[in-house]
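Structures given as structure tokens follow.
What follows is chain A paired twice: with chain B in the first complex and chain C in the second.
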Partner chain A sequence: MVVGLESWTLARPELFLAAVTALLLIYGVVRGEASTAFVAVSTSAALLVTAVLLFMPYREGTAFASLFIVDRLTTTMKALVLVGAAVTVLMSRAYFEQAKAWRFEYPLLVALATLGMMLMISANDLMALYVGLELQSLALYVVAAFQRDSIRSTEAGVKYFVLGSVASGMLLFGASLIYGFCGGTAFVEISKALIDGKGAEAGVIIGLVFVVAGLAFKVSAVPFHMWTPDVYEGAPTPVTALFAVAPKIAAMSLLVSVLMGPFKPLFAQWQQIIVAASVLSMALGAFAALRQQNIKRLMAYSSIGNVGYILLGLASGSEKGIQAVVFYLAIYLVMTLGVFATILLMKRRGVMVEGIGDLSGLARSHPMMAFALLLFMFSLAGIPPLAGFWGKLYIFMAAVEAKLYWPAVLGVLASVVASYYYLRIVKVMYFDEPAAEALDQPVFGVNRVVAFASAVLVAVFSLAPQPLSVVAAAAAKGLFP
Partner chain B sequence: MILQALAFYVFAFVVMASAAMVVVSRNPVYSVLFLILAFFNAAALFVLIGAEFIAMILVIVYVGAVAVLFLFVVMMLDINLTELREGFLKYLPVGALIGLVLLAEILLGLGVIGGGTTSLTGLDKATPQVIAIDNTRAIGRVLYTQYFYLFQVAGLVLLVAMIGAIVLTLRTRPGVRRQRVSEQLYRPKGDAVTVVKVPTRGGV
Partner chain C sequence: MTSWPILSLVTFLPLVGAFFCLIVNGPKEAVERNCRSIALVTSGVTFLISLILWARFDPTKAGFQFEEKLDWVPALGIGYHMGIDGISLFFVLLSTLLTPICILASWESVHVRVKEYMVAFLVLETFMVGMFCALDLALFYVFFEGVLIPMFLIIGVWGGPRRVYAAFKFFLYTLLGSVLMLLAIIAIYWQLGTTDLVVAMERLQLPFTWQCYLWLAFFASFAVKVPMWPVHTWLPDAHVEAPTAGSVILAGVLLKMGGYGFLRLSIPLLPEATQYFAPLIFGLSVVAVIYTSLVALVQEDMKKLIAYSSVAHMGLVTIGAFILNIQGVQGSLFQMLSHGIVSAALFLCVGVVYDRMHTREIAAYGGLVHRMPRYAFTFMVFTLASVGLPGLSGFVGEFLVLVGAFKANTWVATLAATGLILGAAYALWLYRKIIFGELTKDSLKGIVDMNRREIVVFLPLLLLSLWMGIYPASFLDPMAASVDKLVGDYQAAIKLARTAALP
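Up next is the complex of A and B:
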């Protein structure tokens, strides 16, 4: 069996990204530190070009002996991941320059992590899933510790590495059980073995539980969320922004394609697990964030809560549910990038600050920044008619249609609790006495552009969610032939 | 047949004995050396059951890389084994319990106790016939064709590991003296050698 031309054309975006990364790596090694700005800009450009390549021309099918699959869902998810990664690379310059860690390996590691995410989104086999996941995780462990002179960054890297390895181990253990009981690692074979009747064997279910646990770690769903607040707080802020968007989207896409693909016959079994993880995540995300003083830590809990809502969409297991998941992920991407661009603008006398108290009186000193943050916070809280509200609405509608009444009710209650801490930020900005010394006036730069563009996009999605929901519906349709 | 059985018992005995010595030995360097002996004999056991590929991997990876790494660590770090042993009796009950659980698992799995062996339905499908084709050849047939994609991605994972190791550890320290061979070679004689007139009994 020879790898045919068809395989190469299907994996064209991935090949392009890998080739450009390799060339930029050589360039960086030859030119040294002086090349960092060029490498960073080229990497972002390459990521965006890769996103364009996904659609021009758009193709579907499987490649590399069915280890790799391309369809509407994977293409949409890859586009989201690529945009998230490209923007976070652009946002990182000011932070790393100040931290004296502005080195050319950073954008390249992000590009390789993104490549890993694309491969795991496209996985059509347990082995392909694992190698993609490892490529992603390994690069992310390194970027978490990238600011190696900061003890918190190093701690974040080590913590993420150790816990991530445990999660990978669980995933592998589960995969080996599934292989043993189904007689194959390809998704098609697993699906066939499960439909053929010997479906609900204990071995397969135990394997499934381990695989779901490993993936739940990657999306930081409760009870596998312990690492999230510490890693988000310790990692350099641009890296936190990356963690909050790209790997989440990739791992969620993987979770969707694994559970709705080969394990569809075990829906009744995995639905319970996903509902439990979802409800717990929503509750923890709401309650644990109430007392946070650090805005990065707050965003960590907020992301745990958001994962809970997304999992609820998955748990409904219907086409509507998956559509809601894709829709929510797109909105979540925009809101999170906006919030982190604003966090990166928070400086006092040139030093980054990240306390919520530092925002007090922001509305008077920086009306535009305060308004953008207000928009993001209202949207995250899910206040109608903002974008976040539509996301939650689609999720809850799908859950109710799937007769998940209690989880939907608990989700609504959790989002009421969560709106307290989102609104607290608004209150601090608009009604608290200004701090003794106002934050620096932000200079014109990438972060301002990103914050502005995100705010505009949130406004657009709020007023016209229809086009995005059409795209999400097209992506979800592929899973339901 | 009898020769095979004999070989099995010899190798198995050495594995068990050296594994025991790894734990019992007072000198940590000896422990690592016994570990290497155990690996070699385990590799021989794999050869006996016809899994020559795993045997070679065991020698190359575990003896060649892992055990040597252990040896480095043990020699570089000054580990006091008597301190490590202090809690031995305290942890003995827990260790014994875990051992018993593992033993029970093996016995249950083999069907010695309880009701028969667990049947893995798809197992025969997952592994090719060992008799028909030796396993190195079986892996070679699929590694660069069917699993070409995985092989390539594994290469990328290793690239990330390499970049990561360099990024996190390489530092350019100021004031380090480096050897520059070309400068050394091009140094004119006048810079390096001076002819001194030494008076008799005077010294330099």
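Up next is the complex of A and C:
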């Protein structure tokens, strides 16, 4: 436990990342476009170094007058976010170069967004939470629209910005209500006020609902998911990959630490909200994806569905449930990165394609790529023995323990429906005749490495889920002293 | 018991073969030849090793043998626990026997993507054997569901014209049933803190209503797999579209997973609910036996006819299992084994003529006996075995089930026996249409009899069918102790529940 004057050292990873980003920004401005490759690689390296700094040395405590908290959960979540961000930055180059948008601002914006995510994961106060969230969101709005000469990308950016602002507004409004009724913005104060009996007051509940709605938007849970398919489809593919992992993990972590932290006394109230959002997300994620033709859009619905499962873990409110959330997020990160790396390999005569039909007959022209995607799809569908199955098993175990029987039944049924569209991709790759013109043979590059590494990791987690569950157990322990 | 993890060896050896198939490289012809050989050798060796299981199996013991136990995911209470008893022994052997036969049977008929085909079959074997050996509920589920992946690909890639539809129907139907079983397994975990099946058999005590919920969840899964009427509709589609070897495995092993699941999980874990729901099983099974037999009578596709006959035969299996006396359960097990051999062989018979004529229309054949005497003989043996002629394997199972059923419930027995008569009708009708009569069709004039490879494929099945019919004791004896225990435990549990219910 670190306290007192030295406590700022708890934020060393964040400070390091901020400093490196600032230096790289200066370097980029001075050197101009020529610096992009260097800035991108350095940013990735900095993100990974930051991830290492989280654990060297690992310390717990609060800093900056309790605005900032570090424990196992936040550290684990930050590590996931950092890995996700670093890998997506590396995955971006080919895409942006082709789109003639390979500028040094891009990796820096991602780094700033990641910094915001780290701050919000570590937030221990509603104000700190909001500041971190906005830093993240503002950087991401720009990144979504980064392909300036593409109408779709710009549209995605604007849509994300407008809807994101509404969500931020709701969150802020909720925070102000909570401040008004609890007399403080620090999580400790809120917790104390709720335990002292303010929990019954309607103002607090309304405030809580608004805060949850704001965060539900960020994790794209139904009914706040409307932006997801459009933004996923419109944004440049590497950015979509980033959206699918980093901000989602960060916002989910925030949701966990807010609801399981200061608002734990209101468990009975927020559980209903989370259960409803969870069931609706699972159902919508399953049904809406059935007819999609664009694989990015499909992944958008798939991520909505996955968020539904993660929320079910949160809704159980138990130690097992939080373990399940961490476990699922880690596996989700690996699978999603793998899928997007594969999508980024889909080129025909040098042009990116993203239709599901473009994959037809892939098993013959690109057996390795098809096999990797097959693994990811069966894993996402939750078919044993693949990694995704363990994630779902963990979640359902938590749900059954918390006596959430009906949500669990609906969840498994939704997973059957969802398996249809994952299978459809397998079908297109394996059963259909090859398209008239096969996709290009992928050149060796980051995306191939990422796809391969993800496939290997999925295989490893399939056979040996235990180490990951140990990590998840350690992360969840902090919330249950 | 032994220091050698022989069950794991049998289970995972095929994966080694699959790995070697994957890394084979070179010109297309050589790759195909090598993959075929690797697959055949691996599955053959696996079968030989599994014979050691039989040889070293101690028939006097009712409990599990060759047990292996390791922690796998302690965080979720899941262990890697393998072991077999008299109930599972022969299913393991059935799986390891049918796989090399399937590979041999597809030697020439499969010529696209041979490498993937062989890999899929070897992976499938691992999952099948693993499922019959698993003594941990979660492990059981992993293998049970894992089977879907290779089978989905086998139907979808190497199947007939409507293969995509059939593959999806097969996958989604069975998945829908199984996911509820997953929840049931989780519920058991929260009762016991572990998913170990042996622990569950000893210690699981659930209130009656919970038993019913869990029983229905297991039922959803196994009934689809068996398949029981009315959730059998995926089976004819899957059979018709699957390649010959796929049908063989489907009928020979995959259907048995349902029956095995009932005997391994539903009955010992949830005895009171089993008793409560037994009439439901009887009702559905009797309908299956009679209705699907009638449906089989009007089929025009050979494979579809045999598929419906499978549903009828499996109806008899479920009756036997839930009669829950020793004859019934033994008959049920024996019937499953016999059906595994006989229906597999019948599908192979269809495959023989399909490879030559590329049609499965019954009307396209007739008078084959004139050109194909060896084939006619083989087909006859298996048709009669399927009908239940004494001296062949089918008779023993049917007889035992009916004896058991008469003891317990005359009506069920009578109706089930009616189904057998219908069974004789459609099977003989099929045989007559295809084999007998004048050889009038021009297309059939040049058809050639079975070659040496095909004889090798059929010979073991034929001998087994005779052995099982003439001296069933070799198979019934190892089962006996475990079946006694199953029935004894069940009756003890029922008695206990009754006395507890009394004031």
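One rule holds for everything that comes next: the second predicted complex is superposed on the first by the 476 of 481 C-alpha atoms of A that agree within 3 Å, B and C clash if a C-alpha of one lies under 4 Å from a C-alpha of the other, contacts with A are read in each partner's own complex, and residues count from 1 in each chain.
Operating definition for what follows: a contact is a pair of C-beta atoms (placed from the backbone, for glycine too) under 8 Å apart; a residue touches a chain by one contact, two chains touch by 3 or more.
Remember, it's a predicted structure, so these values are computed and weren't measured experimentally.
Using the contact criterion defined above for the overlaid structures, shared-chain residue A:48 touches neither chain B nor chain C, since it reaches no partner.
Contacts of A:423 after superposition: chain C is touched, whereas chain B is not reached.
When the two structures are aligned on the shared chain, A:456 is found in touch with neither chain B nor chain C. Of the two partner chains placed by superposition, only chain C is touched by A:393; chain B is not.
Applying the stated contact rule after C-alpha superposition, one finds that A:105 touches chain B and leaves chain C untouched. By the touch criterion defined above, A:415 reaches chain C but does not reach chain B. For the contact definition in use here, the chain B contact set and the chain C contact set of chain A share no residue. Those residues of chain A that touch chain C in the complex are listed here as 323, 363-364, 378, 383-385, 389-390, 393-394, 396-397, 400-401, 405, 408-409, 412-413, 415-416, 419-420, 423, 426-427, 430-431, 465-466, 469-470, 472-473. Chain C meets chain A in the complex at residues 71-76, 113, 116, 138, 141-143, 145-146, 148-149, 152-153, 156-157, 163-164, 167-168, 171-172, 175-176, 179-180, 182-183, 186-187, 189-190.
For chain A in complex with chain B, the residues that touch the partner chain are 1-3, 7, 18, 25, 63-65, 67-68, 103, 105, 108-109, 112, 115-116, 119, 127-128, 131-132, 134-135, 138-139, 141-142, 145-146, 148, 157, 179-184, 193, 198, 201, 203.
Chain B contributes residues 120-123, 125-126, 145-150, 153-154, 156-157, 159-161, 163-164, 166-168 to its touches with chain A in the complex.
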